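Some structures are shown below for you to check.
Look at the two complexes coming up: chain A is in both, with chain B in one and chain C in the other.
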Partner chain A sequence: MTKKASQKKAERDFDRLLKKLKTKDGFMHYQHDHPQGTMHLGYLKTAVDPEKLEKYILPRMQEYIYNDLSELNQFIPFTKTELTNDSSQIQEKLVNGFVFIYMANTRPSFLLIPLPLDEKRQVAIPEIEFSVVGPKEAFVEDIDTNLNLIRKRLTIPELHVRKLKVGTITKTEVAVLSIDGISDEENVNTAIQRIEGVDIDQVIDSSYIQQTIADNKNSPFPQLLDTERPDRIAAVLAEGKIAIVVDGSPHVLIGPTTLIEFFSAFEDYFLNWMTASAFRMIRIVAVFFSILITPMYVAVLTHHFEIVPQALLTTLINSRAQVPFPPIMEAILLEFTIELLREAGARLPTKIGQTIGIVGGIVVGTAAVDAGMTSNVLLILIALAALGSFTTPVYKMGNTIRLIRFPLLLISHVYGMIGLAVAIAFIMVHLLRLTSLGRPFFEPIYPFRPADFKDALIRLPFDKQKKRPFQVRPDKVNRPVGKDHTK
Partner chain B sequence: MLSLKDKVTGLMVFFLITASQVGVGVLGFQSIINKYAGNDAWLSVIVAGLMVNVLIWVMYRMLKNDETGDIISIHNVTYGNWLGAFFTILFVLYLVLLAIVVLQTYAEIIQVWMFPHLNIWAFLLLLLPLIYYTISDQFRIVVGVCFLGVVYPASLIFTMIFPLQYADMNHIMPVMDHTLIEIVQSSKLAIFSFMGFSTLLVYYPFIREADKSQKYAHYGNFYTTILYVLLCVVTFLYYNQSELTDVIWPTLGLWKIIELPFMERFEYFGIATLFFSTLPNVVLYLWAATRVVHRTFGFAHKRIALILLGIVFIVSFFIEGREEINFLNDTAAQIGFVFLFIYIPLLFVLNYIKRKVQKK
Partner chain C sequence: MNLKYIVAFGLVITSLLINVSMPSKVIDKINMITVSGYDKAEQNRIKETVVAPTYLEQGTVEDHVYTTSADTVYGNRVKLNSKASEQLLNGKLRVAFYSEELAKQGLKTPIEFLTRDTSIDSNLFLAITKVPAVELINTVKTKKGKGVYFEDLFEHNIIHGNLPDVSLKTFEDSLKGETSDPFLPMFGIEGETAKLESLAFFKDDRLVDTLPITQADVFKMLYENVGDGTYQYKSDDYNISVENMESTRKITAEKKNGSPEMTLDVRMTGVVREYTGEQVMDQKSKIETDIAQDFTEKANRIIKSFQELNIDPLKLEDFFKSKHRSYNQDQFKEDYSDMTIKVKADMRLTGTGTRR
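On to the complex of A and B.
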């Protein structure tokens, strides 16, 4: 083939490509005359930052002197530009925010410049895990911003970021973070292996990953912790855990985790250790209360009212005298009402949601008691139980706690206290069987590791936390400790 | 073979031994063991505890010498494969019997105390899935249940303070007014409350550095002994001996004393809490039975568990009434006694001789 013929073919190819691109919505196309021949510039309007294009690319293209694209490329103030002859990738590149410049009769004939339009939310205050004291940054949807937020707090070369692509359609970027020399390679490998094995077409949020790589997918308990706080991620990375950042999600996953970690708010670390421990205990008591109180009410009033002392029995009977329903119906009615309120509040815009809360809480509650549908005592208990479940710092765990109440209610109705004991044993065995990234979930209670109790039910002062949690099997168990100033 | 991940630490032997011993027995053993020794029966508990300590020592000697370290391989070495399998099956039957006895006894208490119209088979339909859920997976789940089954019900020890306000020293004085023979006779009855630790013969290979775990086994037995002695003394201080003969479950009577501003009739709560102490018994027996069958015949662990649970269910279906449960209890006690005090020492001697012969 002669030179001329090959040029003709290239031009025909380009014309065909241009024709195809022009059918696309928002395709922009400029022509520019150059001594070497006509130049073409094309991009997708919605994908490209117009300001950068007009400020940096167009003037250089029109005014600078160059003979071919590689010379032009030297004037372009952007990295990651590409020079290529291959026109097959153009379409895909355009979608990703590239601008192409075509120059006939030269090789390479395409210059690709990345000018993606970055529509990012600003880093804002954490809303779900808000804390009065401590840092006020929360993750956003952009993975690079999120990684940057973490790197800012861990400026060490050992921070290891491994990137993967997940989702056959979305090709979402997923990053697995760990600190070399501290975290156990086995945990990292487990996480990577499982993420690579994820076989779904779209990963929209980190909860997709959370659910697909869970050790037991048929468990109501979340097996990876999610947080929106970069400071928390930095802290757990230093403990030897690993973090999983997913593009498009403001929540970062932590693993391996334990059941008790779900009840520790990160604010616990900003408060004095005694206050923090007390608050943590309150939360744990609240959880037990929340799970057990209504089933116990049903069990006792249905089967064993002998348990209730006489003085208390009078109160109970007075409050229940007008109620025509058995305790189980009464309880389910109220629980259902609370769930209804919660669901309505969650689906509605914030301001209307507040109104619903007031209407539901006060009007419906009082009216239900006045009408003799439910007893006062149960109303108090259920409201407290609902409050208790909302003290859980991790939203998903709070949902689980509310969910497991219902089977307990039913079994208490049938078998009373014994049924309740059996059901609790069921949950206990389930928790014993659960693992998080292959590490026991119920630790440090079982496997019994007294050393890990330093940051479980209570949080001891930092100078007492000289060892990293044993659960994650860190490579370096001891934390570097500074000098003791008291001596 | 077993990987390190399937194994549990030596400390867990403490909980395994204790959990396999303490169970529904704590509700009623006091009125059984005073048959011969009367108010001195608490001494019998100590004697029984010491005897069990010796047996644990014997078992450890056998297990340490064995390559695999469980009863199947000990049987095979001692008797050869066929006869060994026969004795192994007898051992499985013994374990299943113990599990049935525990389940029946607990169900009976619920029937008498809480739900007079309770169908035992319906209750089992609730319980057996739980047991299957526990034993069908790794051994560490069973150990976890044992661990929590010791730790959580241990809070019930504090309830022993309440009956002390009605304690009468005259009930227990004078100490040692029974002969040694009577005390030993009573201790024979007390042994039944210590049974279950023979599952050690099955789970021994699942312990990390098993040969160093012997002290924990002794501590576990020690804890059980102290617990029983404490309970026994409190019971004897509260009841007089003639009252005790009429009471089937003295511990429940002790709990009735407790009155809290929000709770009377503590025994309802006590029985429910005791479930966490009963469950490890059953789970451990049935896990051990499953494991032994699995080791002997090689069927899938889960399938054996299902079949054994089916057997438990069917047998329990046909047991009714106080007499039959009593008969079952007595039979299990007799078999257990023969097993522990005649068979185990015999096996130890035979095993020892066989090894000496083989070496030469």
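On to the complex of A and C.
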């Protein structure tokens, strides 16, 4: 037996494998006659790049002269090829985008060539965090491209990338980035420990990680900042924060973060510090306005007519003259309409969405006022509140602001301004208790750290920001400062 | 652990549900009183007149005036509410008038309800009416609402005119403090309009004296620092109007031979707006001394009359009490009527307009 018998056995094994593979969808099989015997080439159509296959593999296989697979392997212009006898791992390899070449009567009998089809989006302009000035690159879904975008901006050996696999089914690659010597090891360890502890079967997007490693999972506030701008990631890494890149997600997470960081657009750093500070303040005022204006309208009109200035009374009462509902009803009605428009606009294709926005805004708004369902004043206030919530640079925080308006609305209807004050105090206490990767979320307001105000409500000029934020406890607090040219 | 949150959340929801029908004052379901007037009625009753506006379209206001009399103010409200289409509420009350007759009897009781109600603004304007309050309120015809009309009338007179800063707060402070006597503006009717006629001075809470509003400029500058006043002066040679008057007043008190001696130092600056004589610039120092002298004379006359009536609207006692430990209330009151009170005036013209 011996040689012939073992060959027979190998051929039988291969026939069985081939039969099994042929039941799979998209399995391509190709035979080539060779002096040593028939050669088989097989791959999964959806997993392999056909261009590479036809350009580099087939000509070499058909035209070159070789006696066995290891000789053929010398001609193949790809790294990470494998030679094996083991037919059991073929299936798994095919799924990952390998092509196998089988040659009977030789050992090793399988040559595996990786030709995965790499479908990925081109690096494009940031759409959510668009800025008029500054870099115009955004992350894509591919982790290697994303890491490359970050590395390009931080060409230093200290940039430390730690890769993990998360998700029992998806086995998604997650990378934790930090700069050695600047970021605190404790933050990195916290992040890694929490990511390792994530026990879910699939991680499709960085939001999954954001939610599963959040300090308080029952909070409406996002506790990790997500951004699609590689320049922002590079900047915060240099501040001593850490970044979490998830494969398949064009959003990269930043931690530890603060509440105020959610209201700073990265464009703030491209503008003169005075303009940037002014815009940042406008954004924060807009948020307060957005949260408080409708509850205050309801509270004042229901309980506290005393605080309305005499001159405003005429306007308010006239606009409410035709409305048959109490203020809370008209407020909820309008808020609901606005939320409907927003949801409809978000779910529909862009072009129809725009139309819906206009139709909804103009037609529904004016019709509601004409029909006497709501008052003019409230229509203006709610429209402004909606605008205010859109000024938040981070989409997820904008959603939170939309949400917390509603309980406030109900409370101010029942208890007036006192109820509103208590509810605000409640939210404040919640914010005080929140942490981001174990670091206080409401910093620098509480715990009060005046030094960190340099880049909070306002953004001071760069030469006034000689210290990294204390909130992240950086290993090196002082930033390297160049010569002062003015002296 | 989770139970704690569920219980807390449950309590919040329950409290909201229980209180959802809490009495509310929805802004268009109430009648807001903007002006009220009080007169004496027979059998010691109080006659109340209230103005409650209805807001019509295009910013016009229709005022409803209701009048009744009862033993108490809120007794009146019961009767008034039976006439009004919606509940009458005090929250936006801006002006309260009391008739001269009531003021002579004493205002302590009639204003008591104003200071007790938390919803009433303490910057409410109080005033005395020479005619019955109901008559004054009914005389005024205006499209912007009587409340706004009277409020504006008070405000511009306080900021730019001769009326010192008066409100419910200052009146009540003087009544309770016992170291000064209050004063209030007094209104009368001229033709078809209400008119600010004079300042009414009180001893404790009773009206004792009046000073025409045209002469109140001196009083105002003695009483407080003025930011935008006017001063008219007439002599044999010329007439002059000084506008944009700014003044600071300083009180100094010394104790000589056991009795205090007060000095009121008033420094004024102003701009010439009208002048009938020769060149102002040549006459500048003469005009300044003339005005200062005129001011001193008028001030001395006013202070003299206060001392004769033994009232202290200038808050001199208040000042003395705050600066001198030797202050003794009985002693001061005894000394007050023949205390030496000097007035020093200094006038400076800072501009003469576009002409010399």
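Just so we're on the same page, the second predicted complex is superposed on the first by the 486 of 487 C-alpha atoms of A that agree within 3 Å, B and C clash if a C-alpha of one lies under 4 Å from a C-alpha of the other, contacts with A are read in each partner's own complex, and residues count from 1 in each chain.
Criterion: a residue touches a chain if its C-beta (ideal position, glycine included) is under 8 Å from a C-beta of that chain, and two chains touch if they have at least 3 such contacts.
Note that this is a predicted model, so its numbers are computed, not measured.
**Q** Look at A:F100 in the shared chain and tell me whether it touches chain B only, chain C only, both, or neither; answer first, second, both or neither.
**A** Once the two structures are laid over each other on A, A:F100 reaches no partner at all.
**Q** Pick one for A:N318: touches chain B only (first), chain C only (second), both, or neither.
**A** second
**Q** Could you look at A:V308 and tell me whether it touches chain B, chain C, both or neither (first, second, both, neither)?
**A** Both partners.
**Q** So, A:P326: does it touch chain B (first), chain C (second), both, or neither?
**A** A:P326 contacts chain C only, not chain B.
**Q** Between chain B (first) and chain C (second), which, if any, makes contact with A:Y415: first, second, both or neither?
**A** Both: A:Y415 reaches chain B and chain C.
**Q** Using the touch definition from the top, say if A:F441 reaches chain B (first), chain C (second), both or neither.
**A** Touch partners of A:F441: none, neither chain B nor chain C.
**Q** Could you pull out which residues of chain A sit against chain B in one structure and against chain C in the other?
**A** In chain A, positions 303-304, 306, 308, 311, 411, 415 sit in both the chain B and chain C interfaces.
**Q** Would you tell me which residues of chain A are touching chain B in their complex?
**A** Where chain A meets chain B, its residues are 303-304, 306-309, 311-312, 411, 415-422, 425-426, 428-430, 432-433, 440, 442, 445-448.
**Q** List the residues on chain B that touch chain A in their complex, please.
**A** By the definition above, chain B touches chain A via 8-9, 11-12, 110, 114-115, 123, 126-127, 130, 133-134, 137, 140-141, 143-145, 147-148, 259-265, 268-269, 271-273, 275-276, 279.
**Q** So in the complex, which bits of chain A are touching chain C?
**A** Touch list, chain A to chain C: 218, 300-306, 308, 310-311, 313-318, 320-321, 326-327, 410-411, 413-415.
**Q** Show which residues of chain C lie in contact with chain A when the two form their complex.
**A** 5, 16, 19-20, 22, 24-28, 30, 32, 34, 55-59, 61, 89, 91-92, 94, 119, 121, 147-148, 151
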